[in-house]
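In this document, chain identifiers A, B, C and D correspond to the written order of the chains, with residue numbering beginning at 1 in each.
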Amino acid sequence: MAGNSYGTLYKVTTFGESHGEALGGIIDGCPSGIQLDLEAIEVEMSRRKPGQSAIVTQRKEPDAVQFLSGIFEGKTTGTPIGFIIPNTNQKSDDYSHIKDNYRPSHADYVYDQKYGFRDYRGGGRSSARETASRVVAGAIAKQMLPEIKINAYVSSVGPIHLDTPYQELDFSKIESNPVRCPDEKSAAIMEEYIRDIRKQGDTVGGVVSCVIQNVPVGLGEPVFDKLHAELGKAMLSINAVKGFEYGSGFLGSEMKGSEHNDLYNPDGTTKTNLSGGIQGGISNGMDIYFRVAFKPVATIMQTQDSLDNKGNITPMTGKGRHDPCVVPRAVPIVEAMAAIVLADFYLINKTY
Amino acid sequence: MAGNSYGTLYKVTTFGESHGEALGGIIDGCPSGIQLDLEAIEVEMSRRKPGQSAIVTQRKEPDAVQFLSGIFEGKTTGTPIGFIIPNTNQKSDDYSHIKDNYRPSHADYVYDQKYGFRDYRGGGRSSARETASRVVAGAIAKQMLPEIKINAYVSSVGPIHLDTPYQELDFSKIESNPVRCPDEKSAAIMEEYIRDIRKQGDTVGGVVSCVIQNVPVGLGEPVFDKLHAELGKAMLSINAVKGFEYGSGFLGSEMKGSEHNDLYNPDGTTKTNLSGGIQGGISNGMDIYFRVAFKPVATIMQTQDSLDNKGNITPMTGKGRHDPCVVPRAVPIVEAMAAIVLADFYLINKTY
Amino acid sequence: MAGNSYGTLYKVTTFGESHGEALGGIIDGCPSGIQLDLEAIEVEMSRRKPGQSAIVTQRKEPDAVQFLSGIFEGKTTGTPIGFIIPNTNQKSDDYSHIKDNYRPSHADYVYDQKYGFRDYRGGGRSSARETASRVVAGAIAKQMLPEIKINAYVSSVGPIHLDTPYQELDFSKIESNPVRCPDEKSAAIMEEYIRDIRKQGDTVGGVVSCVIQNVPVGLGEPVFDKLHAELGKAMLSINAVKGFEYGSGFLGSEMKGSEHNDLYNPDGTTKTNLSGGIQGGISNGMDIYFRVAFKPVATIMQTQDSLDNKGNITPMTGKGRHDPCVVPRAVPIVEAMAAIVLADFYLINKTY
Amino acid sequence: MAGNSYGTLYKVTTFGESHGEALGGIIDGCPSGIQLDLEAIEVEMSRRKPGQSAIVTQRKEPDAVQFLSGIFEGKTTGTPIGFIIPNTNQKSDDYSHIKDNYRPSHADYVYDQKYGFRDYRGGGRSSARETASRVVAGAIAKQMLPEIKINAYVSSVGPIHLDTPYQELDFSKIESNPVRCPDEKSAAIMEEYIRDIRKQGDTVGGVVSCVIQNVPVGLGEPVFDKLHAELGKAMLSINAVKGFEYGSGFLGSEMKGSEHNDLYNPDGTTKTNLSGGIQGGISNGMDIYFRVAFKPVATIMQTQDSLDNKGNITPMTGKGRHDPCVVPRAVPIVEAMAAIVLADFYLINKTY
């Protein structure tokens, strides 16, 4: 029960540490006969990888995924899809300074407490590098559900918010700037803010919004495995996520029922969609939308006190990579996890 | 995969419709030898039940739980604990008016779409009455983990917020008022607000905050089953929940890393706790705290348009129970789900 | 993980001790819209219950099942089906003599070792009475798969074997005699043998054979969850089972490939069926058949040495019920478990 | 639910086709801090691999396992252990003759029916080559449980049986002959028999017996996940297995209770052990022993009729590898699956 699998019928299991030989995973339950577009998978991988622009981390990760099974003559066979992503940059010496030290707000301390010791290189298993495997699984899930459109984008960086309703945004602009914000003016301000944060050697958080369109009615299970409960878990499982809300979200808690209820059109659609496309845990065919809050990553280039494994407080300065704002890179990860959740419920729904 | 189970090692499965003969469930995996305090279970049940005061619904639900197995001479035996909660009030005629009608923002429509038909009486399986079974399972989980203290309370009702940090609150006051807000002044304002909402025949949402203390270091699994991801899923599985945030939450997304990082004390505790007691998905021994947003319930006493199963829009007025604000009643449910999640991870952690 | 659930998509969880207030279970995942024949369920229950004839145990168990949820207007709703079977005969004093004693070849000793103590009345959770809940779940699974025919029968009692190939048997005769052997001559000899065993105060084992017809091609998953592996597990989970073989079974291990291979007909059927209807773990449309070996039950009416919980060997004589041969009563249980396994794979197969 | 995982807490997921780029798997749940003996793992791998002697298949499979994660400085870290076993011999043309043909008693036909098409090279996913990954997982499970001794051996080949009770055998002789039969005389006869079968271009089945010693009391869960039920499923999931029996097995079904009951010694051990070390599904500390029946493998070097995918019957002669008796090679696989099952229950038992 070490928690490295997600899903029931579209089941993704991942392995790999930041500086081990390779990351990878197994997708079990992908139906047979899907003609895979491998290039589209590489596009998703490249969206996630660091070093894409001046505002994000400079580490070079080629992130070439190698499929080892489950695909024959370009199509999925229905058997498990095994894949690896070699770690080409495994210089362990970079991390010797944290071998015996617990960085503030990192997982170093709890890993040592839970497991007795840890692979300290680059954060080991707790590194966000693990999400590369999720992006592979999500890219395949997207191809399994071609009619469903999943669009995530950055809606805030630190104190800078894009408050425009998603209906007024042009999703085709998301990839046109390094911040992945579809509103160009906001994007420019966010980018400048991040540059400033970078100069300070600091980091900043933000929010990713996600909109899912063309979802059939009926996905999601009542009671414990509600569609939004699984989406929430999937998002909260991404590194640095602190909050999740869907539909009216926290603001909805301030509303009255007479304001919040979504009245029906004769065709079963609703005039408003404060419900966020989900009623009683089950998709109702309207757009699903949600927001995911990311804290600033803990690795900063300033000097901060750390704890060593003998109980001494010692100052430490961040070394190596500096990623002042991971939120743009989180966009494809949010989409990937959404796709995995939908693929799973799509298969479950076939059993009714 | 109908989604009626929660947990891996402390596994809770529930059954039952609002107006069926009985609700109930099975708790599988509760260790043997726990001397159960049945009265404490009844106290939790009575905290959840409607009709406790003028501001909540008036329906009488005795909610007497009958244990059928897994307990011998007052102690758990390690075998599954089966229990039922008879529905003593099954007047079906109350609900004939919704037989062919889909109420706005209820699960009526999606149930019919997903399952082909539904038990329309009182919302059937989608009714929050199902949470009575969760409260039973949570009450036993609490007794399994006597050292861990779980305190939930109402921190906002509609637009009225209690912003006092939890450290300054006296949790012993939570049960002293019908709103379950530990700050008496705020409680009085909230209560008056709810009375006003009741008069309007309307409903209102709110926020439940929860604080968990004395959690050992090490609970939670890395990657997909992070402690906060499971807590989030558990909370989002409660009826009417629209959002979840823990530690710094959505506000944390506006902060800088240099502000957000929690610096260590020599004993491994931290000077601040913006992390909310969880690092990398694993408890670090500090207080765990989170907030859960509830939308206003959909059943209002005003007239609203509904959809019938022939595609006609027809006005409908809520009948029967009126629960202007379910948020106080959600407090024991939030605690129950938190206890279930912790019990599960507590058992998982024993396998390392 | 206390092991009280079976199945993934058609998931059965049971609870209950022999002498607790009630047994019962939850069936989660049964599709909606199945018109249930409750009388047919009662027939299965009555096939399992003791006291049906002179050769089996005399205890009266009415075994009336009460459905509490998941059924509305006679049809399954797709929500979990909760049910209980009250224990009407709970005279605890009958079992005080085994409170501190471990009967040979019973689970008394291991339960005390594993759980620290046990509900000693009537074997508690280890009693075969638990299988009543399985029969309920199996009866519903049978109704879910009306085209599939499952016929089990007794093919040996102690040293008396019915060696006639199943193709030459008339399954309609199975219920015509208390031994549940479709060959009347063999049945008579077996019955006499059991009467003799009863007089000796002894017990005897036997074999149940099962034939499943009209199974669609494609049920079963490759690798770990092969159809016959799940059937094997399901059968081995029935009390007193010591062995399972399918198709050619143990005899097949003595054969040559040239003899054992099943040659095809042009329509994909095979001329022989030593494979037992399963190739590579997946049903091939031919008849599935298997054999299940039951040891003699441990409770005999003779005096045998037992162990008490202080380490003393003390003679003990069986009291109360005497069931000289449970094998006929195991017939409906074998069918029930087969039906549950098939229902689960049937649903899984819909996801391809 | 494509069935490529085994276990709950020690969870093994495998991937890979016979002639894909690589096989591999993920072991999730292995506790941290186990100093791995990689050489011992290679020894297990070499025991499984073909081409070890004249009586088995001649294919060269180096089967070098590469560990990619979960191990740091020689010890398990508690994070998932990912590994691959490259397929160095991927000559696809060898198998073009079976592209459109279904070989008798192979999985070709059912795979095409279930999945729509298949990777036909070398049997694809249905090849026993998949068991290489199981041997890796089993070898690590063995190291996790150093005190438990698992010894499997060949107890029959075709009609030649070794009937000596295991207590009288010298397990250290198992590896001293290519048949893996600890009795040298029987081994010689079996070997000669297999040579003869090879000359005939035929194959033959056999039985593997397995003895597990030093198992602590308490492993196994009551009801559905009985220890022997999981062992049975694990064994039946191995290619070509047709039957499983433990303890007294099928012979036990012919016995009387008075003969079969195992009387206690004062220390809780039993004078006899017809129960096979398991009571009520839970280990009682006595030796666990069971037998696994293997049919002859279907690939023979004689000409047999096959079916093509257009419904034509066409004669086909086996090509390439000829493995007249896989039973000796199955010995390490039986041990591996037993180790995996025990590791899983060992971890589960820690949660009580």
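Here, contacts are C-beta pairs under 8 Å (C-beta built on N, C-alpha and C of every residue); 3 or more make two chains touch, one makes a residue touch a chain.
The UniProt protein names, listed by chain, are A, B, C, D = Chorismate synthase.
This structure is a prediction, so every number in the text was calculated from the model and none was measured.
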| item | value |
| --- | --- |
| Chain hops separating subunit C from subunit A, counting only touching neighbours | 1 |
| Between A-D and A-B, the pair joined by more C-beta contacts | A-B |
| Computed distance of Cα centres, subunit B from subunit A, in Å | 27 |
| Distance from subunit D to subunit B - Cα centre to Cα centre, in angstrom | 47 |
| Distance between chain centroids, defined by C-alpha means - subunit A, subunit D (Å) | 39 |
| Junction residues of subunit C - those touching two or more other chains | 1-5, 8-9, 14, 29, 32, 78-79, 114-115, 125, 222, 348, 351-352 |
| In the complex with subunit C, residue positions of subunit D that touch it | 1-6, 8-9, 14, 102, 104-107, 109-111, 113-115, 125-126, 130, 156, 158-159, 197, 200, 202-207, 217-218, 221-226, 228-230, 232-234, 236-237, 239, 242-250, 252-268, 270, 274-276, 279-284, 291, 293-300, 302, 304-307, 311-313, 348-349, 351-352 |
| Subunit C to subunit B touching residues, read off their complex | 1-5, 8-9, 11, 13-17, 20-26, 28-29, 32-33, 66-70, 72, 75, 77-82, 84, 114-119, 124-125 |
| Of subunit C, residues touching subunit A in the complex | 8-9, 29, 31-32, 78-79, 222, 347-348, 350-352 |
